[in-house]
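Both of the next two complexes hold chain A, though its partner changes from chain B to chain C.
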Partner chain A sequence: MAKDKLFGLIDINWRFELTRFKLIRSLFKSRWFPLTIILVNLFLFVIILLAGLLGGFSPGNFNFGVMMVWILWWVLLMFVLVPVFSRIWCMMCPFPIFGDWIQRRRLLMVAEGKLGGLNKKWPKKLRNMWVMNIGFLMTTFFSGFFTIKPLATFILLGSIILIAFLLGIIFEKRSFCLYVCPVSGFQGLYSQFSTAEIRRKNFDICKKHKPKTCFVGDKKGYGCPWLVTPFSFKKNTYCGMCLECFKSCPYDNMAFNIRPPGVDLLVKEKRGLDEAWKSFIMLGIAIVFFMTMQGPWGFLKDMVRMTTWQGWLTFISAHSLISLVVMPGIFLLFSYFSRLLSGNKEISVRNIFINFSYTLIPMGLGVWIAFSFGIILPNGSYILHILSDPFGWGWNLIGTAGFPWTPIWTNLMGYFQGATLVIFYLFSVAYGYRISKQTYPKTEEAIRGWIPILCFLTLIVIVFLWLYLG
Partner chain B sequence: MRRKNILSLVIISLVGLIMLALISAQIIYSESINPQERFIEIKARKFSFTPNIIKVNKGDTVKIRFISEDVHHGFFLDGYQIQTKAHPGQEGSLTFVADKTGRFTYRCSVACGEFHPYMAGYLTVEPNLRFSVFGLIIIFIGLTSFSFIVFLERREKKNGQR
Partner chain C sequence: MRKIEIVLAIIVVFITIGTVLGVYGIERYRRSQLYDAVLTARAPENGNWYPQKIIVSYGEDIKIYIRNIDTVSHGFALPDFEVAANEIKAGDIEIIEFTANKKGTFPFMCTVWCAERHLEMRGEIIVE
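Right, the complex of A and B next:
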């Protein structure tokens, strides 16, 4: 059978196992990893929270908390962490550490027996992305505060840490990360595009290994805290890369692979409306964030920062409408056209809608990367200032407190944004037709059914191009 | 079948040519417009500029009078990397030749308050070739990819029939 090659160049089944190198495998099997990075991050977040609390209502561009989180962390997440390393942020995230501590009663070694806390199961009806979808959308209602006001950043991050802790006491393992964390949802969605994955190596070894220690745990590692089955899972979405499966597998049958971008988009398992809506919400938020933060419209900025209640309510209503109704509504229409043109009446519009929504993932990620250029290039130089004076107390720790605001490469920003949109549009198109072939049984139907979706993708990418460059 | 493939290639080539013609026409039209002197008064107030969107043509000499209506504000123009500042009652000014085309953001360059990093306006120097070129590339990719899919599937089908 002919190999399926992405752009006719890269075999989509190609993998390069990084854990074949002894050093990396030993690191992944050590209980000190990733705990050490988590502890470093925890220290950083203590400073961030302190800076947020002490900064109060002062301008955010001179505050360590605001700049580290909304400029540096966000951009790193969108540029590197998610597209390249999948959910590697979840691996090093310090937010759930207190919940883990309560459950495990220790930080480093493995506690045998039943985990602490109430250990309740997460409600069955909520075992999806909907809580994260709504939670993340609602968080963005306050974007006019937490991206600029240190105290708002403190309240937001503090609340997330507190909720993670409380849910860690009540519910089993990483239920918070899986079903609640606002940052988790979009990472899960876009990690399907990323060029790294954790997977089992040999199917037969897992099949013969009845105890399934990767799932239930053993003396060396906990059973998967993310409640996935490391011996069989097929996409990155719900793997938090905590590396426990590397520690608990007695056969060293887990691998950390480098792979072609986007291959998870072809995995049919666990596709659903919750993930589809996540795509629309992320596109909706990108439009709204761009217009309010990088656009020239002062009245929108007034709405977002709540100069009047009426303005802010109009903003959150329009924002919700765009993300939850308008974008999915237009896509539903194109999905209907897809079925109509394909001539296949046996496939439900729901299936077409869900399947094709995965074509939005590469484009959505591209849209966010392009957006992030507009954050880091004009504002990145503030970071030098806050590194020297994190609390705004007039310190000059590394001699850069007086560094003036210096926009970097803003003359090239349009080219970066345009090129990013083109590249990620290419990926959407490349995977789109493959998804069409999965959706429609006959080739002719797949070709015809693909036309409206291709038109939708082209239309949306042109809209974003107009927003960023037009 | 071969005729259809040739037809697809001809269509793609035609689309490409039409796109090139469109861009060329845009350039030629913009070159034909005589450069003018533009006097623009820009007022800054927390956290917006008035006017917030300005359009000029390539080659125009742009003279900006920059006025602050509340606190100390700055005016920095991306792409041209030039700036001026203004206090209330103390104007700034700027003169430059709009020799680079595209949309450029002008931003406040003096920390003027909480929303300062997002205080922005747009200056478009016509023709906005960056937008046109990227837009046409996207349309071209869409059309080409579709034609390519049709071509490949037909070839596969033909091979299968043999």
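Right, the complex of A and C next:
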């Protein structure tokens, strides 16, 4: 059978296992990893929270909390952590450490017996992205404050950590991370594009292995805290890369692979409206964020910053409408045209809508990477200042407190953004056609049915090119 | 194995509570060694100067650390001792020095138009 090659270059089934190297496998099997990195990040977040609290209403550009979270960490997430390493941030995130501690009664070793806390099961109807979708959208209502007022960042992060702790006591394992964390939603969505994955190696080994210790746990590792089945899961969406399965598998049958980007988009299982809507929400937020943060319209900035109640209410209404209704509505129309043009009346518009919504994932990621150029290039130099004077107290820890504001390559920013948008558009097109062939049984139906979706993607990229490049 | 867990628990407490106490402690010590008073500049709508009364000892060389935590510029002047700071930009720090060579109550004020109630942005230095 002919190999399916992405852009005619890379076999979609190509994998390179990093854990074939003894050092990496030993690291992944050690209980000290990733705990050590989590503790380092815990320290950083204590500084972030303290800076946020002490910063109060002072300018965000001189505040460690604001700069580290909304400039450095956010940009790292979008540029590197998610597109390259999937949910690797979840591996080292300190938010759930206290909940885990209560459940496990241990920080490092594996506790025997039942986990602590109430261990309630998360409500079945909410075992999807809907809570995260609405939560993340509502968080962006206050975007006019988070990047400007350190206290707003403190309140947001503090609330997330508190909720993570409380839900860790009430619900089983990483229910907070799976279903509530606002960061988790877009990581889960865009990790499907990532060039890294954790998967089982040999199917036969897992088939014969009973009980499946990667799921139920053993003396060396906890059963998957993310409630997935490491022996069989096929998408990155809900794998938090905690590495417990590496520790609990007695056959070393788990692998950390490098792979071509976007291969999860072709996995048909567990496609759903929740992930579809997440795509629209992320695109909608990108449009609104660009217009309000990097655009030239001062009145929009006033609305976002709650200069008047009326303005802010108008902003959140329009923002919600765009993300939840307008964009999905337009896409629904194109999905309908897809079915019409395909000539196949047996496939439901719902299925077409859901399947093709996954073509928006590369496009959405590209939009956010392009947006992030607009964050880091003008503002990155402030990071040197805050590393020396994290609390704005006149410290000079590493001698860079006086480093002046220095925009970097802002004259080239448009080119970076434009190139990024086009590259990820091409990924969307490449996978979109493949998804069309999955959706429609006949090739000619797939080709015809693909055309409206291609038009939608092209429209989207033109809109963003116009927005970003002017 | 229990020992490791106890050590890790201490590390977590150190990282969290220890960091907060450490940062506060270091800064408090630093300010006590370097400055006689710490003054926070805020527009009257956001709380005004804090504190609005500073008490210093007669005859001493005084150093005041002024921190502008607002999002607008402020200024500072203490006319009776002929000291002033030009524009203190948002987020910036300014150090004011003078000798408290007369007793009494002396007003200080903001000298950069910062808000609607700018003229109310005043405080007092009491030399006793």
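By our rule, the second predicted complex is superposed on the first by the 470 of 470 C-alpha atoms of A that agree within 3 Å, B and C clash if a C-alpha of one lies under 4 Å from a C-alpha of the other, contacts with A are read in each partner's own complex, and residues count from 1 in each chain.
Note that in this section a contact is a pair of C-beta atoms (placed from the backbone, for glycine too) under 8 Å apart; a residue touches a chain by one contact, two chains touch by 3 or more.
Small disclaimer: the values here were computed from a predicted structure and weren't measured.
Visitor: Answer with first, second, both or neither: which of chain B and chain C does A:N411 touch in the superposed model?
Guide: A:N411 contacts chain B only, not chain C.
Visitor: Of chain B and chain C, which one touches more residues of chain A?
Guide: Here the partner covering more residues of chain A is B.
Visitor: Examine A:I447 and indicate which partner it touches, taking first as chain B and second as chain C; both and neither are also allowed.
Guide: In the superposed model, A:I447 contacts chain B only, not chain C.
Visitor: Answer with first, second, both or neither: which of chain B and chain C does A:L421 touch in the superposed model?
Guide: It touches chain B, and chain C stays clear.
Visitor: Is A:P59 touching anything from chain B or chain C once the two structures are fitted on A? First, second, both or neither.
Guide: In the superposition, A:P59 touches chain B and chain C alike.
Visitor: Return first, second, both or neither, reflecting whether A:L42 touches chain B, chain C, both chains, or no partner chain.
Guide: Second partner only, chain C.
Visitor: Thinking of the overlay built on chain A, is A:L107 touched by chain B (first), by chain C (second), by both, or by neither?
Guide: It touches chain C, and chain B stays clear.
Visitor: Which residues would you name on chain A as touching chain B in one complex and chain C in the other?
Guide: The answer is residues 57, 59, 61-62, 148 of chain A.
Visitor: Can you list the residues on chain A that touch chain B in the complex?
Guide: Touch residues, chain A against chain B: 57, 59-62, 144, 148-149, 292-299, 301, 305, 378-379, 382, 405, 407, 410-411, 413-415, 418-419, 421-422, 425-426, 429-430, 433, 443, 447, 450-451, 454-455, 457-458, 461-462, 465-466, 469-470.
Visitor: Looking at the complex, which residues from chain B come into contact with chain A?
Guide: 45, 47-50, 52-53, 76, 78-81, 102-103, 105, 107, 109, 111, 113-122, 128, 130-131, 133-135, 137-139, 141-142, 145-146, 149-150, 153, 156-157
Visitor: Inside the complex, what are the residues of chain C that reach chain A?
Guide: 1, 4-5, 8-9, 11-12, 15-16, 19-20, 23, 27, 42, 46, 65, 67-71, 90-91, 93
Visitor: Please name which positions on chain A make contact with chain C in the complex.
Guide: So the residues of chain A touching chain C come out as 39, 42-43, 46-47, 50, 55-59, 61-63, 97, 101, 106-109, 148, 391-394.
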